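Heads up, the next two complexes both have subunit A, just with different partners, subunit B and then subunit C.
Moving on, here comes the complex of A and B:
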């Protein structure tokens, strides 16, 4: 935590007003992000991870939304900023890569034009300069024969190539923060590995901070410095990646880890499941949202929502009345059988 | 495996699609057996032909060539009612649980539909079968039986699909990416349910998926496909420990493990699969394979047994001795 944070999120709430009532998609989220950090935000569908990242970008819908709290990005306040204000930071300060590269690209515009568009609008480059830079960017993200591909339409490219183009657009104006929302979810494993490696490589080359939003613990395990685990719109656990995997205290974090099938387990390994279903956000009562599915829930859990408390001085926080004992992560047992199992080093 | 009974025998299965005068060879000559009571996992990346294989076995798409023998009966030469009757032994569960159920029908009618089609159960007996099936997959028929499919979440819809697929008491289920649209916590519930039902109903499964961890979790044997061809087939634990085909090895090293101490293999497979419109000569993987030689370009490697029950289609199979 030495360098100063580029992003400070304080008590952020995003509430949608719908026909059924108030939907608290993000319910009071606070965290900071440093300039050189990669942060993972993990959660299942409906956990609020995507709404959170869109609110940080200022991309929430303009109507039927109530925002609270604050998002400070490099000195700019995002919450309640007008679109004109946001336009000055989109691209140059913060960029976003979305899950579906087909719908985030314009199908009737060549990819070259889509990259040079942001260069010309944001950086005021001439047409010729923008083309040169766009081709450089296509090369940077590993698109073969970039000069010819400059004139290609998105439909002529594969899913992995399209996602590379989206990343090229996101990086075109050298943002300080890249928000990647499920950037590899629709892609095949070998292509996923290529894209994640590319983001990691570009992060160090371009000196950006990265927020990687995903449902897949495998994506964040080896590529992030810190992780936020979300459930029902709130942070339930947050800390350095190793702390979250090896010393998590929140039962939901453990349950998520245990219900993920692992290549290293023998076949027909019985999966430990989380009973029940994610909560209905319209009807959250006062207690911990995970309590109805939690094996350790007590009356206190059902009545009173736990707030985040410190597990250690390294910024490891968890929200639970009955936290799991330290060092009981299933990964510790798994690793202790291996000679290089360095899981208890903290 | 030799003393086990073969339930499904697939020989030289080919599926070609015609597209604008060109021929896409989606499945290019598959040979495999599925033994009674086992789960065969089928993995590969998008476009490798794994879903087409599943659909061709059901004759949802017509095989261009080859034979499919299910429980002693050859399916490809059958027609009309005979085919439909025979096909009740083999049911399919699809990827998108929501679109595979009619949103305007009640859950109990969806599950009863196969029974109604065949008239195999009526009145009280029909209701009892539906009640039992829904109970078994964890959907309370008293509460939910009369609701419409559109009122359910993805996980619940997949449970209903499973109940429907079991209504005709099939011998075999073909599961095509059945958990890939679900959240991990729901996915684990469905996978455990599938394992239980397999035991209870004595099912044989073909489990098609792209997620290597999921496939290993449910499978006794795994087959790997690339661009319409089978690369490797063998017992799952053995093959995951010591893959013999370079493609299998790359797939496994690209799979992300939810463990910060997992070894991140830097050997990432570069490039993308070539177009099936114009597949490479010889071995179809050779354009991305670091070990490819001239032999790989000129001659197609045939599926050959390396150890009992473990076959690979490669001129230079990786050593099967564990480091």
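Moving on, here comes the complex of A and C:
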């Protein structure tokens, strides 16, 4: 069931003006997000995924930042919107869950007050109504004995509980789009799964769209409809989750997949890493940003940046001059477990 | 498997048992309270008047039953003069710190929250002022701004304290303002004013309160120094500083005259510093054991 897009990002650029020069953190990103969709944005540190999500929120500072292109959220233009305009959208139409639940709650305010504040300010609820709703929200995000927790301070809760509170605050004004910027990075692995399941569950309950920003492909594998892979501030591959995992064409996506540790590997298996370092965004030459680290790079890659091209009619796009053949994903090879691939190459 | 929420993560920590403030803290608070009450209700206390010098029998006596801390070379009661002197010390120091925090605190919070050009300008100005020894500025202004009154002294000391207060509040706000909860409040639609008063102010309050205490203590010293130099209130209004100054000449005859006002000043400053220090460590989140 597809509906009209609630978020349309067109040729978005975010450039920081720093003492060293211009830093193009996000360059020419375009995508759409439908109302009932979960979108994953993946990439390694410094790939621009956090800058992208903050630009979509309208959270970039006004000074020393140059924004270009357009972000349409439910008909509102975010780029160049004033803070007063944004304040009418924040909370009620778009909200955000931050990375570290230790710093995203105010340590000197009870969690109940932190939730009911926005209910009272934004929705004009009375103190008593806001409390009832806040307790409902605490129950919704799975906090037991919510009535007693209402008066707890953040330090009295564990990390997973705090992230649940953060999610409750984000959901308090029923946003249509929830942006989760690495929502599980600060949590340990068992709780990560619970928080991700919670977000997934709430997505269908509250009927909102979700953007999940992460560096962990395992996080997005089963929970997203589509994935955007970012490198050096640009989209290098985008498509339905299945296509990105099994039919990816961009060598960087392959490298990301291969560098994920797998439980099924025998112990002491050396983890495959991507050689080289993330590119210096101050000095991007004309070529593909990934070329210096890519095993398939040719002269064309080093001189000319590839643009996104269609891999299939289902919205699967990639940017590469020498795309990988279809169906050579390491995930496929694990399944078939045939040595043919290796012998053919000889 | 349905995606129910497992409750095995639910760990509710008991409120941390904080180290209590301690007996000495309450002794210090008590001493500050005694000073404040005595200064406020000096007129109603069963003591001699500070200028009652008609008794020329008891000059330079040591402590006795009729004059608990003795008398000075004009026969005036030392205890009474110390209590009335506390009015000047406490009045100037509380007044100056209140004024300095009202102005410096608001600018400090606003600059740290907004950053940008305003912050740059205010911070540069405050650094320039801090580079100049403030006691010299105070002396220079008070030498020419006559006749001197408690209000004028308070204003001059307050103005010279503003840059320091600004720096401290700005730094405290800065560390709170860069946390994600400020951003989280913002994207729930909180206005800047709301963020400053509801989110940031409670976080910087422990720092501010402890700095107020230490600030008051240092203003008492500054006022004492001014009075010692004869730049505070005129001689008819007793203050600890001018009591010490006046009794310098008879120190060899009657050392009590220097000792008691100095002791009063010393004990009050010690109390204030200790109170400020305890409050800071009591509310310091980084020291809370996890």
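As a working rule, the second predicted complex is superposed on the first by the 333 of 346 C-alpha atoms of A that agree within 3 Å, B and C clash if a C-alpha of one lies under 4 Å from a C-alpha of the other, contacts with A are read in each partner's own complex, and residues count from 1 in each chain.
What we mean here is this: a residue touches a chain if its C-beta (ideal position, glycine included) is under 8 Å from a C-beta of that chain, and two chains touch if they have at least 3 such contacts.
Nothing here was measured: the structure is a model prediction, and the numbers come from that model.
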{"item": "First, second, both or neither for A:325, with subunit B first and subunit C second", "value": "neither"}
{"item": "Contacts of A:124 with subunit B and subunit C, given as first, second, both or neither", "value": "neither"}
{"item": "Partner chain(s) touched by A:192 [first = subunit B, second = subunit C, both, neither]", "value": "first"}
{"item": "Contacts of A:57 with subunit B and subunit C, given as first, second, both or neither", "value": "second"}
{"item": "Partner chain in contact with A:268 - subunit B first, subunit C second, else both or neither", "value": "first"}
{"item": "Touching partner for A:75 - first (subunit B), second (subunit C), both, neither", "value": "neither"}
{"item": "Partner chain(s) touched by A:19 [first = subunit B, second = subunit C, both, neither]", "value": "neither"}
{"item": "Contacts of A:169 with subunit B and subunit C, given as first, second, both or neither", "value": "second"}
{"item": "Which superposed partner A:105 touches (first subunit B, second subunit C, both, neither)", "value": "second"}
{"item": "Doubly contacted subunit A residues - partners subunit C and subunit B", "value": "158, 160-161, 190-191, 194, 197"}
{"item": "Complex contact set, residues of subunit C against subunit A", "value": "3, 5-7, 9-16, 116, 179-181, 183-191, 194, 198-199, 202-203, 285, 288"}
{"item": "For the subunit B and subunit A complex, residues of the former touching the latter", "value": "45-46, 153, 155, 183-189, 191-192, 195, 210-214, 216-220, 236-237, 240, 250-252, 254-262, 264, 268-270, 272"}
{"item": "Parts of subunit A lying in touch with subunit B, wherever the complex brings them together", "value": "44-45, 158-161, 188-194, 197, 215-219, 221-222, 241-242, 245-246, 255-257, 259-275, 277-278, 331, 334-335, 340-343"}
{"item": "For the subunit A and subunit C complex, residues of the former touching the latter", "value": "57, 59, 63, 87-88, 90-92, 94-96, 98-100, 103-109, 117-118, 121-122, 142-144, 149, 152-153, 155-158, 160-161, 166, 169-170, 172-173, 190-191, 194, 197-198, 200-201"}
